[in-house]
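Pasting the structures in now, so scroll down.
The same chain A turns up in both complexes below, where it pairs with chain B and then with chain C.
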Partner chain A sequence: MSDAPLLAIDRLTKVFVTRRGFPIPRTVSVRAVDSVSLTLGRGEALGIVGESGCGKSTLARVALRLLPPDGGGVRLDGEDVLAASPARLRQLRVRMQIVFQDPASALDPRQRIGCSLAEPMRVHGIARGAAAITRVRALLDEVGLPATALDRFPHEFSGGQRQRIGIARALALGPDLIFADEPVSALDVSVQAQILALLADLKARRNLSFVFISHDLGVIRYFCQRAAVMYLGRVVETGPADALLDTPLHPYTDLLRRSSPVPDPAAAIAMQLQEGEPPSPINPPSGCHFHPRCPHATDHCRAVAPSLVEITPGRSVACHLHAPATHT
Partner chain B sequence: MSAASPALSVDTLTTEIRSRGTWYQAVRAVSFQVHARETVALVGESGCGKSLTALSIMGLLPLGVGRIAGGAIALDGEAVSGRSDAQMEKIRGNRIGMVFQEPMTSLNPVLSVGFQIAEPLIYHRGLSRRAAEARAIELMHLVRIPSAAERVGAYPHQFSGGMRQRVMIALALACAPKVLIADEPTTALDVTIQAQVLALIAGLQKSADLAVLLITHNLGVVASVADRVLVMYGGDVVESAAVRDLFARPTHPYTSALLAAMPRADRSSAVIAPIPGQVPTLADMPAGCRFQSRCPLREERCAQRPSLTAIDAAGTHQVRCWVRGGASS
Partner chain C sequence: MSAATTVGPARVSTWTRARGNPAIIAGSIICLILVIMALFAPWIAPYDPNKQMLGPQLADPSRAHWLGLDSFGRDVFSRIIWGARISLWVGVVATVMAMIAGSAIGIVAGYFGGAIDRVISGVTDILLSFPQLVMGLLLVAVLGASIGNIILAIAITAVPAFIRLARGSTLAMRERDFIDAGRALGFSDMRIMFAHVAPNILDEIIVMGSLWLATAIRTESTLAFIGLGVPPPTATWGGIIREGFEYLNDNYLLAVFPSLAILITMIGLNLIGDGLRDATDPRAPQ
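Up next is the complex of A and B:
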């Protein structure tokens, strides 16, 4: 890409500190996001894949400054998001929004839909009163809901319709960038397809950029041009979504791909009785975090964490198997 | 097929659910058999009646809200439908094992996992507590929970999601039932853990000659582990086939639509085809074919309910559709 990226995340780190243990609690720190660097172009969708606890949701929240970071940088159109003053941050938030997994808990149950959607416009001084209502009507139409939704409450809608409302709210300010955190994971297949088609349509029509978080490789492959795989806070592989899933480079990407069920009896998932579970992020393994589950692990993997290295143009992997040059 | 009676046989089961004082059919004349070492999958979206079918088999329908309105259920050729709660209690956990979606809510948080696995052995088999707990450790080994002897006294919250589901499987299989009903057993798990749990169930199935009824919404899981599939919509079985036939020749418009709506990890797909609308509520179900309101092939005769008709010579691939089923009215 020749032009500057819309979003540039540079070595972003988030450490949670908690006290746990009984009878003597001790302070433990969890590197939920561990020096993650990613870029996103205008109109592009970047998928973030990984299992529970890998830090993908935390990454989105830190990048939006919903959580304070512990290191690294985030730039939106070249502007430093993390250093922005509160007033400036409010202006930046107009341009980047988030859609949550569970719209039932993300919407105020006592607020009518019209109110929920008009509120951000009022807060950001974009429109108020009748003008705001006109805009809300247009928004509802854009996400495929009837104008009668305006006066109704969230509980009157089905899960799919509520997610449409969540999307409408994210669009209310006319953002350039949307973080979508598992937006279709709670939905049935037929409704999931409706929401994915809606998001794809909006993306094309408004030239939106997406950071799309999902554990479902099929959803990522459909929606995203590029994907990044996370494991225990670190990005282990990035590349074009199709290439990454067709020929995974990192052994973890390969495991995810072979464990993902596809509707074809001839391509049954790999059900080897490997016993490994994702280790606790509180006490991650030394070196490469994946080594206890990796069939190719060597002593080098146990000692030294591999860095993310570009193998072919656009494809990077953090694995010693693919970067012999990093051995010394 | 051998003359042996199937481990589980469900014959024209009809289950009704009460909503605002009216009883609605939520499972409509569902029939299937599960033989030893066989996995039959019930697949469909929320509200299609798949879980209600399982609850009906186990006699766990919510009192006053759900009732079996017709049909028969048999275990090993012996009828069990119509039995009292006390009699069903002798069957549940003893002759039918059950695994549910969310192990955290199915396990008692204040009892050790060892005791919970041992409990059915004490209750159904009359084992002493000491003997039952020794057996519980063996069962935890069987489901590959590491260092079982040390963890037998641990509580559910000390286990990860995947390990809790292993505990549920150990509990379900404690009394060596011949039938295992698994209702969305891996839905809450990450894919790599899902693969492990499915592999575990498949392994135990072989060694214990289990008949498995798998309830899932995931056609990918079905393709990986099932032998036969029943696709349900609105309480009706709309298509029933051997797993290979179903995926090679999905015939009911709902089955095709589900497959076309599913984004796939194994191939690049620029297009997915959403199914318009949503599943009607039981009160709003159309008469006749229940999929007609969302079906692109709808015709006038769809106002009558089509029957489940075979579309192959062997009669094992059945479809409930006027247009695709080739049924003559």
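Up next is the complex of A and C:
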């Protein structure tokens, strides 16, 4: 990890606004990503954990400028991604790519695999014709697919193979950074392990950085050096993945950890289930968003939103329990 | 998401499914005969369609004149064969024009959304609120009755339907991750719209096109019947019905034969269109 981060996300915010209701429509806004700041070093994997709807995927899409942001900044190697001109953005896109959750939807069903993988190279003038085909063969080999895949269509492959193709396409331009949006959640457990091993191998071989989005703590622990926990659009805790999952500071991280299945029959009794579902992001709770589900909530939690404070070097948490200094 | 999984395999087999469909086979045979008739009219038609015979006017069908003679003593069978040329040409060209223009506009509306979509959809809704025939009439009346203007008028009446279809299909396609993947890979909007969205909605547009072809041919005949078609003496199906209509009491067969020609064409095209629609619908029983 060098000192200058490869990716620096600074107070990134995304608000979805819709008009709902009849006969008098009301403007409803959802802060899907609420002032999120994260950094990622070269060759590092940062896990983003949270329940569905907490803004994990939106964060990735805004950082990639697939969705327009509503505030904050994203810097890749110090360069402002959100302010880049269309031409410059095209060049920046070469360096950051995305792998999607559903590999069936991520590939154009009417395009042969060879064409899918060669197209980005042609568009960016990296290679064309026979040279592109040679590179595509190498990519297929790298992700563990036979060269015969070239002339086939996505529907001829299994889910795991399609995910390999999706990964190969993300690698086609030789990126430094990959946003992996739940890349193994749609796959069988046995296939998950293969894909994770492939990603870990690619990460080491190509010195790739990953923003790895998942709701599966086991996957995060296996793949990521650091992790960030999101709740209703906000980051509530960050830190080294092992430490964060072994000794959670934030009550929500603790809840996530305790509600993950443990592969030990004796431990099942110890599993405590927490009451309640995540509140509606349209009308989030006041103060700390987590207070309605938190066993330690106080009046202060209901009134004031805690900010993310570094407790020990490398570990930050947004919780009043751990930052008494902010009680003023 | 789960529906998307099944679309891939089902779509590729569309044409395989279509090939064995009896409706499509029957429709294709009918249409093939019509196309051959139209293409080879000069060789198939027994007489010059505009030549006035010496035989009696409004003659009944006979061995020499299979479908009889019209009020000018012209051979009705030859005129119907030549009329197929006009009907098919106008129908095909107008439908293809509408398909291309409507799909392009619809894809743009669906892909960009926002203000562009609101303007395009608003105009489309206004155009759709006119009955198709009224719209065709207005346009021909304004533009003047020539074959080019009739094609243009029919194409314009068909465009809104294609815009709406392409827009809806594009909206559905936009939800698929491969569109975002293309953007993340730095593809231009044009590339995504016409190299990735268009091929994936082509099936639906072709099905719609085969059904609209029937409508376009009917509209052409209707315009000709009203007197706003390709001007006489050119033989058109609608024109022959119009002439026959004037002599309905003397010899009703003159109006019946070209009507039958239109009916057979409609049946053929609709058999193909319905068959294709069933074949492209992954949920349709096979």
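Here, the second predicted complex is superposed on the first by the 317 of 328 C-alpha atoms of A that agree within 3 Å, B and C clash if a C-alpha of one lies under 4 Å from a C-alpha of the other, contacts with A are read in each partner's own complex, and residues count from 1 in each chain.
In the analysis below, contacts are C-beta pairs under 8 Å (C-beta built on N, C-alpha and C of every residue); 3 or more make two chains touch, one makes a residue touch a chain.
Note that the structure is predicted; figures quoted are calculated from it, not measured.
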item: Overlay on chain A: chain C relative to chain B, clash or fit; value: fit
item: Touched partner set for A:Arg221, first chain B, second chain C, both or neither; value: first
item: Contacts of A:Asp242 with chain B and chain C, given as first, second, both or neither; value: first
item: Where the C-alpha centre of chain A sits as vertex, the angle toward chain B and chain C in the overlay (nearest 10 degrees); value: 80
item: First, second, both or neither for A:Ser158, with chain B first and chain C second; value: first
item: Touching partner for A:Ser29 - first (chain B), second (chain C), both, neither; value: neither
item: Chain A residues touched - chain C or chain B, whichever exceeds; value: B
item: First (chain B), second (chain C), both or neither touched by A:Asn207; value: neither
item: Which of chain B and chain C A:Glu51 touches, first, second, both or neither; value: first
item: Three-chain overlay, closest Cα atoms of chain B and chain C, distance in Å; value: 11
item: Doubly contacted chain A residues - partners chain C and chain B; value: none
item: Touch list for chain A against partner chain C, complex; value: 61, 64, 66, 89-91, 93-94, 96-98, 100-102, 104-111, 119-120, 123-124, 153-155, 166, 169, 172-173
item: For the chain C and chain A complex, residues of the former touching the latter; value: 1, 4-5, 7-9, 11-12, 175-178, 180-188, 191, 196, 199-200
item: For the chain A and chain B complex, residues of the former touching the latter; value: 51-52, 158, 160, 188-194, 196-197, 215-219, 221-223, 242, 245, 255-265, 267-278
item: Interface residues, chain B side, partner chain A - complex; value: 45-46, 144, 146, 160-163, 190-196, 198-200, 202-203, 217-225, 243-244, 247, 257-259, 261-266, 268-269, 272-276, 278-279
